[in-house]
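Here come two complexes built around subunit A, the first alongside subunit B, the second alongside subunit C.
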Partner chain A sequence: MNITEKILARASKNESVEPDEVVFVNVDKAMLHDVSGPGVIKVFEKLQKQGISVDKLWDPSKVWVAEDHFVPSAEKVSAENIVKLSNFTKNYGIEKHFKYGLGQYGICHTLSHEEALVLPGEVYVAGDSHTNTTGALGAFACGLGHTDMAYVLLNGKIWFKVPETLYFKLNGKLPEHVMAKDFILRIIGDIGTDGAAYKAMQFGGTGVYEMSVDERLTLTNMTTEAGAKNGIIEPDQKITDHLAERGATNYTALKGDSNAQFAKIFEYDGSEMEPTVAKPFSPQNVSVVRETSSIELDKAYIGSCTGAKFEDLKAVAKILKGRKVKIRTEILPAAISIYKKALENGFIKIFLDAGAMVGPPTCGACCGAHMGVLAKDEICISTTNRNFPGRMGHVESQTYLASPLVAAASAVTGKITDPRDLN
Partner chain B sequence: MDRFKKIKSIVTPFDKVNVDTDQIVPKQFLKLIQKTGFGKFLFYNWRFNSDEKPNSGFILNDPKYKNSKILITQDNFGCGSSREHAVWALQDYGFSVIIAPSFADIFFSNCFKNGLLAIILNSKIVEKLLKIQTEIEVDLENQIIKTDTEIIPFQIDEYKKKNLLNGLDEIALTLKYQDKILEYEKKSTISSLL
Partner chain C sequence: MKGNVIKYEQDNIDTDVILPGTYLKIHDYAELATHAMEGLDPDFHSKVKEGDFIVAGRNFGCGSSREHAPIALTHSGIKAVLALSFARIFYRNAVDGAFLLPIEIDEDAYKDISNGDELEINVATNEINNHTKNKKYQMKPFSEIIGKIIAAGGLFKFKP
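On to the complex of A and B.
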């Protein structure tokens, strides 16, 4: 069995499982945020009307809640949803509620690894499609709709069809100036936005294990854009260290067997990877940066669970140090712990000296909510994950998805720029 | 949920691939969690111009399709965000059946959780149905689609079919048997349940 199958076998108390088999699994961790939380509350209300008890959750200690999409509240409906969420966690005894502006807070998929809320070998489900991100820790992590989340919260179980696994092997290190984002965009360009529909995407090879934990999270994060059920990487010492630094040592990590089966293996040569962008209006519409370098930009956005982790900000700082941005540049660290670390490392001063704006942690403009949405005809280069029409604002705005290095280099020149071509 | 009955209706041909849930319900409506009324936000950016007047060029605004209950579309419908609001909007607008060569995973699951029938048909048949101008009938019980000239069979998971036909809510159904499930689990391992 490969790692995905091993985790699903463990969680379903089966000795082994095979692709396409349906298994009923025990969930280890579950998460809601300020969009899926109110959605689940609505499902609970419906169930209650049918005479079904929704008095208590299966295990409040395994559930955590983040406020990230519509925070800080821009208007009263969002503000009321936050109140609703607070009442929910209070009523159900959920203690891990990361309240906006209170201690640690930020984007849910960032908190999951920053706070070691999910551990290797676990089954983790949440009411958000980018839940796949957390698979980089060696967990089975996937997103669910509101009804399924309501069911999990009440029962602690859910059924899954064991997905087939596509294995993406990166042989050799990525060259300087090429990041995990370039690699995953290249993959999505190759297989398409439904190329991994209901499949697991596993990453491995020397190039992947050379990557930092933050970089690996970019790979699994964007498996959602290929339609994947989950993204996963077998954990190594870097993951063990990352979790130990956060006080998490008590878990059983799983790895695939030496004879693990994959539906298909894709091999990539690290040295051949290049800075890459996804052009409007699909993550599969990829091109190498040097072929799009004539595109003039209005704005650069560095944010989201995909592109505002500590290593992402470090890459941006490397480019912006001693340089000035030529277009509006908005940098929103993905969690307050990352913001602090960026401050301690001098990145925030570099950003401000370059003329960029530094904003609070939030999903913000990535989902077009607020904090820098785009006007009609505006063109943005962004470290986020989706560039569908209207995703980041006006339906006639355009978003180019890129790595933090490409976004920062482009901010400096005002045009889409390969960081290798920067003076 | 209501019992799923035979649906006879003209089909709305929506010839687009990779329609993502941001297009089905744009972000500004996600914070709203009222029980009904999401239909007015369906395909908002396509249905309405920037002055919020209907875009006459958009297929749903063609009076011909006003009462259509069946949407025919292309591959990977419902990709992107997991928002269940997308299903609520399609249903509230009046659709009971969505037909496509493939659906995105979370969206597909959300459909059946809310009683919306999502049918997967091969691309050639979908191409043909996209051009059909007359009413068609979706007969879930017999798993067929009847057009004026032919009968097209379709596949569906038995469990999903039963729930739709009986108007059973999957979650409510399981929870109603919670005591029995727990009792059974005590006696046996989970694996033997399957």
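On to the complex of A and C.
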């Protein structure tokens, strides 16, 4: 069995599982945020009317809650959702509630790895499609809707069809100026936005294990954009160290067997990878940066679970140090812990000196919610994960998805720019 | 189940156009319905009728896990989406939440069905009758678990 099958076998108390088999798995961790939380509350209300008990959760200690999509509240409805969420966590005894403006908080997927809330070998489900992100820690991490999350919260289990696994092997290190984002955009360009539909995407090879934990999280995060059920990387010493630094040492990591089966293996040569963007209006609409360098931009957005981790900000600081931005540039670290670390490392001063704006952690404009949404015809380069019509605001705005290095280099010139071509 | 078709001849109709992100803070189902398909077809709300079907191409509902998407369509009156394929979260949200039926059709049926056609869908026999064109198509049968959850009326009523 491969790692995904091993985790699903353990969690379903089966000796082994095979692709396409339907299993009920016991969930180890579950998460709700300020969009899926009120969605689940609504499902609970419906269930109560049907006479189904919603008096207590299966295990409140395994559930955590993030405020990220609509914080800081821009208007009354969002503010009321936060109150609803707070009442919910209080009533059900959920202690891990990361509140905006109260110590550590941030984008839910970022908290999962910053706070070591999910561990290798676990089954983690959450009410958000980019839950796949956390699979970089060696967990089975999968996004679900409100009804499914309500079911998990009340029963501690959920059904899954065991996915086939596509294995993406990166041979050799990525060249300088090329990031995980470039690699995963290239993959999505190759296989398409439904190229991994219902499947697992596993990453490996020397190039992947050379990557920092933050960079690996970009790979698994974007598996959602290829339609994958989960993205996963077998954990190594870097993961062990990352978790140990956050006090997490008690877990049983799983790895695939030496004869693990994959539906298909894709091999890439690290040295051939190039800075890449996804053009509007699909993550599969990819092009190398040098072929899009005539595109004039209105704005650069450096934010989200995909593109505002510590290593992402470090890459941006490398470009912006001693330079000025030519277009509006918004930088929103993905969590308070990252914000502080960026401050301690002098990145925030570099950003402000360059003329960029630094904002609070939030999903914000990534999902077109608030905090910098795009107007009609505006063109944005963004370190986020999706560029569907209207994703970041007006349906006739345009978003180019890029790595933090490409987004920062483009902020400096005002045009889409390969960081290798920056003076 | 009988109704008329609203056809979108395109692939990858994503959750951001089915229910734009700005409305994610809304959890009133009737209000969500007024914004259904707003990113793709601003006239949708005024033209959709109770019992209608949507027909679309590959990977319908890709993107976000927002259950708002099947909720907004269902509460607009849509009883089923007939597509070449579905994205996984949209599909399971529709089924587990007992909202609209996600029905997979083949290329021939997809090409043949026109906007406004009257269809009759029989899930028990996997048959789709196009009364306007006087033709019959086969839908892809639901897998065992999906069929059982639909028959039960959603995940909470399903006994594993």
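Here is the rule we use: the second predicted complex is superposed on the first by the 423 of 423 C-alpha atoms of A that agree within 3 Å, B and C clash if a C-alpha of one lies under 4 Å from a C-alpha of the other, contacts with A are read in each partner's own complex, and residues count from 1 in each chain.
Going forward, a residue touches a chain if its C-beta (ideal position, glycine included) is under 8 Å from a C-beta of that chain, and two chains touch if they have at least 3 such contacts.
Quick caveat: nothing in here was measured; it's all calculated off a predicted structure.
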Combined model on subunit A: subunit C and subunit B, fit or clash: clash
Which of subunit B and subunit C A:Q261 touches, first, second, both or neither: neither
Partner chain(s) touched by A:R386 [first = subunit B, second = subunit C, both, neither]: both
Contacts of A:S287 with subunit B and subunit C, given as first, second, both or neither: neither
Which of subunit B and subunit C A:Q104 touches, first, second, both or neither: neither
Partner chain in contact with A:K13 - subunit B first, subunit C second, else both or neither: first
Subunit B and subunit C footprints on subunit A, overlapping residues: 22, 24, 35-36, 38-39, 41-43, 47, 50, 52, 69-70, 77-78, 81, 127-129, 143-148, 150-151, 193-194, 197-198, 227, 229, 282, 367-369, 386, 388-391, 395
Residues of subunit A touching subunit C in the complex: 22, 24, 35-36, 38-39, 41-43, 47, 50, 52, 69-70, 77-78, 81, 127-129, 131, 143-148, 150-151, 159, 161, 193-194, 197-198, 227, 229, 282, 367-370, 373, 386, 388-391, 395
Footprint of subunit A on subunit B - complex, ascending: 18, 20, 22-23, 26-28, 30-33, 35, 45, 50, 75-76, 79-85, 87, 102, 104-106, 109-110, 113-114, 169-172, 174-176, 178, 189-191, 193-194
Complex contacts: residues of subunit C adjacent to subunit A: 12, 14, 16-17, 20-22, 24-27, 39-40, 58-59, 62-68, 85, 87-89, 92-93, 96-97, 143-145, 154-156, 160
Interfacial residue positions of subunit A with respect to subunit B in the complex: 12-14, 22-24, 26, 35-36, 38-39, 41-43, 47, 50, 52-53, 69-70, 77-78, 81, 127-129, 143-148, 150-151, 154-155, 193-194, 197-198, 227, 229, 282, 367-369, 376, 386, 388-391, 395
